[in-house]
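Going by the order they are written in, the chains are A, B, C, D, E and F; count residues from 1 in each one.
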Amino acid sequence: MAEEELKLIDEKGIRNDGRKFDELRPIKIEAGVLKRADGSAFLEWGENKVMAAVYGPREMHPRHAQDPSRAVVQARYNMAAFSVPDRKRPGPDRRSVEISKLMSEALEEIIFVEHFPRASIDIFVEVLEASAGTRCAALTAASVALADAGIPMSDMIASCAAGKIGGKVVLDLGKKEDNFGQADVPMGMVPTTGKITLLQMDGNLTMEEYKQAMELAMDACKEIYKIQRDALKRRYSTSISTFEETNDMEEE
Amino acid sequence: MKELISKITKDYLFRLIKDGKRLDGRDLLEQRDLDIETGWIGTAEGSARVHLGDTDVIVGIKMDVGEPFPDTPEKGVMITSAELIPMASPKYESGPPREDATELARVVDRGIREGEVMDVKKLCIKKGEKVWLVFVDMHILDFDGNLFDACGIALMAALMNTIVPAERHELGEDYPLPVEHVVVPTTFYKVKDQIMLDVRLEEEMIADARLTVATNENGDIVAMQKGLSGVFEYEETISCIEESKKIGDELRKQLDKIKS
Amino acid sequence: MKELISKITKDYLFRLIKDGKRLDGRDLLEQRDLDIETGWIGTAEGSARVHLGDTDVIVGIKMDVGEPFPDTPEKGVMITSAELIPMASPKYESGPPREDATELARVVDRGIREGEVMDVKKLCIKKGEKVWLVFVDMHILDFDGNLFDACGIALMAALMNTIVPAERHELGEDYPLPVEHVVVPTTFYKVKDQIMLDVRLEEEMIADARLTVATNENGDIVAMQKGLSGVFEYEETISCIEESKKIGDELRKQLDKIKS
Amino acid sequence: MAEEELKLIDEKGIRNDGRKFDELRPIKIEAGVLKRADGSAFLEWGENKVMAAVYGPREMHPRHAQDPSRAVVQARYNMAAFSVPDRKRPGPDRRSVEISKLMSEALEEIIFVEHFPRASIDIFVEVLEASAGTRCAALTAASVALADAGIPMSDMIASCAAGKIGGKVVLDLGKKEDNFGQADVPMGMVPTTGKITLLQMDGNLTMEEYKQAMELAMDACKEIYKIQRDALKRRYSTSISTFEETNDMEEE
Amino acid sequence: MAEEELKLIDEKGIRNDGRKFDELRPIKIEAGVLKRADGSAFLEWGENKVMAAVYGPREMHPRHAQDPSRAVVQARYNMAAFSVPDRKRPGPDRRSVEISKLMSEALEEIIFVEHFPRASIDIFVEVLEASAGTRCAALTAASVALADAGIPMSDMIASCAAGKIGGKVVLDLGKKEDNFGQADVPMGMVPTTGKITLLQMDGNLTMEEYKQAMELAMDACKEIYKIQRDALKRRYSTSISTFEETNDMEEE
Amino acid sequence: MKELISKITKDYLFRLIKDGKRLDGRDLLEQRDLDIETGWIGTAEGSARVHLGDTDVIVGIKMDVGEPFPDTPEKGVMITSAELIPMASPKYESGPPREDATELARVVDRGIREGEVMDVKKLCIKKGEKVWLVFVDMHILDFDGNLFDACGIALMAALMNTIVPAERHELGEDYPLPVEHVVVPTTFYKVKDQIMLDVRLEEEMIADARLTVATNENGDIVAMQKGLSGVFEYEETISCIEESKKIGDELRKQLDKIKS
């Protein structure tokens, strides 16, 4: 977190982009957007554009990496070269490696991995346009793609960040807020149980501020969870109607 | 990639194609629906997402200022990469084949470069010292065959959509990338002596030979590439070129709509 | 790494921990003996060797003059690497897991960076052109659990021990690295709903979840990282942070002795 | 293709290096020049120097890359660091990867791959000195090396380029013609059947020019085919005479 | 060897750091210093600090590299980034690759490799601080670590360099002597048999100088051998006493 | 590499060598026919192709202008690489052993460098800023043993054949590379206590130990390298050095012919 160099929030608590302290950027999710993948989801979150695809359960390769008691969950977080203002070199950097690891661990928690010994469940997330908060967007989209793939899961993870700008705790930092704010707390949770599956923090927070941030983020996760479920419902109803059409055709 | 398709499907496809028919009812030389969306990526200087049937690709253009090559001190530089990301196909599980990505990037690049689509001299800032670098990144999201054409069209569309970020580099006002020609590739696949256009993945898997022909708006040939281990007769290459010009004209009409 | 530990040992450990006990008789929130030796490497600008029980790590600091990042022209640069060398564990035979080393380096780095331990502005030599580069290399010699804390403490000690080699670069007299804050990480592991501190390797192998909290001398939280596939309750994170502040104060006392 | 900056062809149709529009540079081929390889050929084509070696059929490694129904043909085109005016970094660049792929595909066509399930047939081509047209030289030399190795083949491939310089279609571009000409069409074919196994083109050609170029190149391939066969005959007669000498010795 | 630019040895034969021509820098060895490794040794030699660890015999991975008739000995020599005045990039450079190879070969000679078919014996040496002569220090420490691991061996290797400075042959070059001297001869031997297992030389020596250098180095190896044995004795006696204590406890 | 040779051949070779004999009738200390062809590569500044029996290697020299190392600001730089290309041997199928190529390049390089073959000070263009870089690339085409000597001789010949391309870099007229000494390596292999020279591949495969000695025209030793897991007696090294001087003188005569 760089120190603040511009006014990120005014006296009335209104932020640079017009949002209130506890307001999310607009989020849209569409499930089932790719043909080859077993499950997929496309998510727009403010200026972020993220595509998630799921393959599996399928036989794990290489074989020596198989786990005889459970499926191995492998998430890959990747940024497209053109997703950031200064072109990113293709391929994983250390940041992507860390995020991929954290995503794999978080998602493993909700998947019934013991149902699929020796298998792998692969989650690929491509960040096509990035504007602060991509790891939360990626984890949120990945959960929907897993559900779309029909992977047996205990529940879905919703993910969101809170942070501190101009000395105030706010929800869901935007690009400038991320660059010039004082702290960022990306987290992910299962909204129905309150279990925290992802948690990072950097910057400077007192205990009190930490509590405020977490409360904002936990509430937001419930909101995001609804958007995830709505995306799956739309996808499901489309499938149903296609199914009915097919039946109709067969009856003719 | 052949193991992904069963013998029964293969035989069925062979019989269909022998009769000049296809799985989805198209004629052998008929293209799938093409959808081009430009300017889709806000962080890119230019971008296009192309759906060709279920094939789904994104091309993003980033520009930067850098040094020219010593032997072309007055010319901007284009660098083209293709990423066959594992998202796009179950076959890319353990990493997509590097040589496929390399050939794809080079063939698509060759059409644009040899067709002199950009006036690269206009991308010179200071001779021998500073020129514009044009980074082309092709991202395959969903692979249902015929990446050469999908990427070629997407790249052409993205270039037509690109704004040179001069202001950010304190080099005057932003301006559209100087595009002089509209080049599009057309890729033919040969299956059991039948030649077909715009294949889907299953068709691509059983093809013997591939021929890509890129033409410009004058009907000139600017790049060609034969691939796979099958062969073409000389006369077949002539027919493909003729067909390519026709289809190229159709595609150019669609691309011209973007421009305006 | 789980296969390194037998089912019997695992079950035994689970039973012990359930009762709030540990293999070596410690309480769940008790640390192992900590030994910090600084200035151990003559070729380094700063160094520390830390034994945390049998865990044995060395951190060496090298400094050089280089260019700042374009977006922080007035600030020195810290570059942190961790080498999980095959010497440290039988499990690193065919190369240690790259993502483990990456996460370790990044989490330890994050505490120092976000805690503003160094006044990086004082490491600027000429704005936008020349700054001090601080290369941090963490070498794990013997791995008996809890690398995050061992490396975090060793890095803090090494920084407090670092002399900026100004003379060698003809930039005036050597001087101590400007250290403004003392940040230390504390890492908690959760096993079957029990939360424990400073785990040994066997305990680490059966843990469900990990939480690292780094605090400074004011009791502020400067970095956190949850790891592994298990979960934490919100209230558990609060308890960990409170515990971390207490232990951090103890550790800072040990570190202050080095300084003087 | 850079635009023309110097006079590459004069009014009488004579080219910079004295050749006529339909004239090849001198080509020499020697078969069986290496001891360790199963087959080999050394080829000089103008200033180009190319060595080709063949190993196989041999068991394919790694095993998971074996094809149970046929041999895998793997050609590797490699340029020596000192083969070009500005030193080339050792190792494959993107150009070499592409040429290696095209060569592998072209050669697979003429080899009876179904005779050797699970095997690999490896062709290594080293460009020792390069002066335009190395991929045609490589493919031509590789065919001879395959024949020298006794690999069962339907026939040999001959390869040659035609192109356009100063507005005229000519055969077998030299270095300067390649750098400053207007088009290049490298192709490879089985001269006895007319089947085209390699075809690339870059630059700018009308349909009429394409036809002229291909006709020049196809005729040249027949000429090159003779040189290939002569090299094998010389190699064969040497082997025969050695064989006879051996017999003579045994009779003594 | 760069040419001499400073006075490395005076008229009385006293060297820059006060040593006589045939004098070693101080050497200290401690065996059994790491917990995870099967054997280990820490060695200080002048300003050099070297840690050696041994793992094995253990199953060789990958399997296709196993030797059905013997163990494979793999030494890895690695310099820490901070071990030299100018930071070294992590990872093996060509020098480390060569030294690792020579160490593996030298150590293979003394290990009863035929006792452990299909196994690997891995020796890891980390140079933590470097000040001329690290390969000799590494080989000396590795021998002790192997003995500490209980690997069956015919004997130990001691290693030392001699060289030429200011026209004089001297033992065990220091940092400046190495940089500005005229020749360096690092060698390793089994002191009890006189067999030479490591030998390199660079610079310029007459036959006579070579002989003087070798004689100095061979004598020094015997001295080093004593230090190695003492380290093992100390380690052994510690183990014994621990063992006795254990017995005492059991008897109670 | 030992599995390439059958037990019968091995035993036969052992018996022959024990009696001081060899497969091809040579004496133990006799070299194979040596053929040196220089200037073979038109694109190189210097080159040599050496046949030593059936061993066939090419060394090409490329020169460029670049920066000196900071600690030797007045000296040109030589960079030596060896490529054990898969063409050279059936054993290099899945990539030749990297450490073999590295040792080969370093040992050959060491002879030339430590023997001060080139006057590297004459390769300085502007102290601390610009010097000549000498890129040595060794290409092994056919591997029938004893690469150290074949490459060492080829490199020496190539250097003697090298023209500094000053004109191309606008640094005056071209001139021959300043070669001051003629250094050649001789490599001995020890098989069952017999020491032999210039081994063929089969002999190399059964050897216990290897010793390379490089000498200059004054009979000085300039570089040595022992390889493989076998041992030498001190006295054996003395004999090898003496032999190496003799053979070196013979080789220098052959090399001198090239020069004139």
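As a working rule, a residue touches a chain if its C-beta (ideal position, glycine included) is under 8 Å from a C-beta of that chain, and two chains touch if they have at least 3 such contacts.
Quantities reported herein were computed from a predicted structural model and do not represent experimental measurements.
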{"item": "Number of hops, subunit E to subunit F, where each hop joins two touching chains", "value": "1"}
{"item": "Chains touching both subunit B and subunit D", "value": "none"}
{"item": "Most distant chain from subunit D by Cα centroid", "value": "C"}
{"item": "Centroid-based (C-alpha) most distant chain relative to subunit F", "value": "A"}
{"item": "Centre distance in Å when subunit A and subunit C are each reduced to the mean of their C-alpha atoms", "value": "28"}
{"item": "CA centroid of subunit B to CA centroid of subunit F, Å", "value": "49"}
{"item": "Computed distance of Cα centres, subunit D from subunit A, in Å", "value": "52"}
{"item": "Subunit D and subunit F, separation of their C-alpha mean positions in angstrom", "value": "31"}
{"item": "Contacts with two or more other chains, residues of subunit E listed in rising order", "value": "none"}
{"item": "Overlap residues in subunit C, where contacts from two or more other chains coincide", "value": "none"}
{"item": "Complete ring sequence of chains beginning with subunit A, oriented so that subunit C follows", "value": "A, C, E, F, D, B"}
{"item": "Contact set on subunit E toward subunit F in their complex", "value": "1-2, 94-95, 97-98, 100-102, 105-106, 108-109, 185, 190, 194-207, 210-211, 214, 218"}
{"item": "Residues of subunit A defined as touching subunit B within the complex", "value": "34-37, 47, 49, 51, 53, 55, 58, 61-62, 76, 78, 80-87, 90, 122, 124, 126, 128-131"}
{"item": "Subunit C to subunit E touching residues, read off their complex", "value": "41-44, 47, 54, 56, 58, 60-62, 64, 81, 83, 85-90, 93-94, 135, 137, 139, 141-144"}
{"item": "Contact footprint of subunit A on subunit C as seen in their complex", "value": "72, 98-99, 102-103, 105-106, 110, 113-116, 211, 219-234, 237-238, 241-242"}
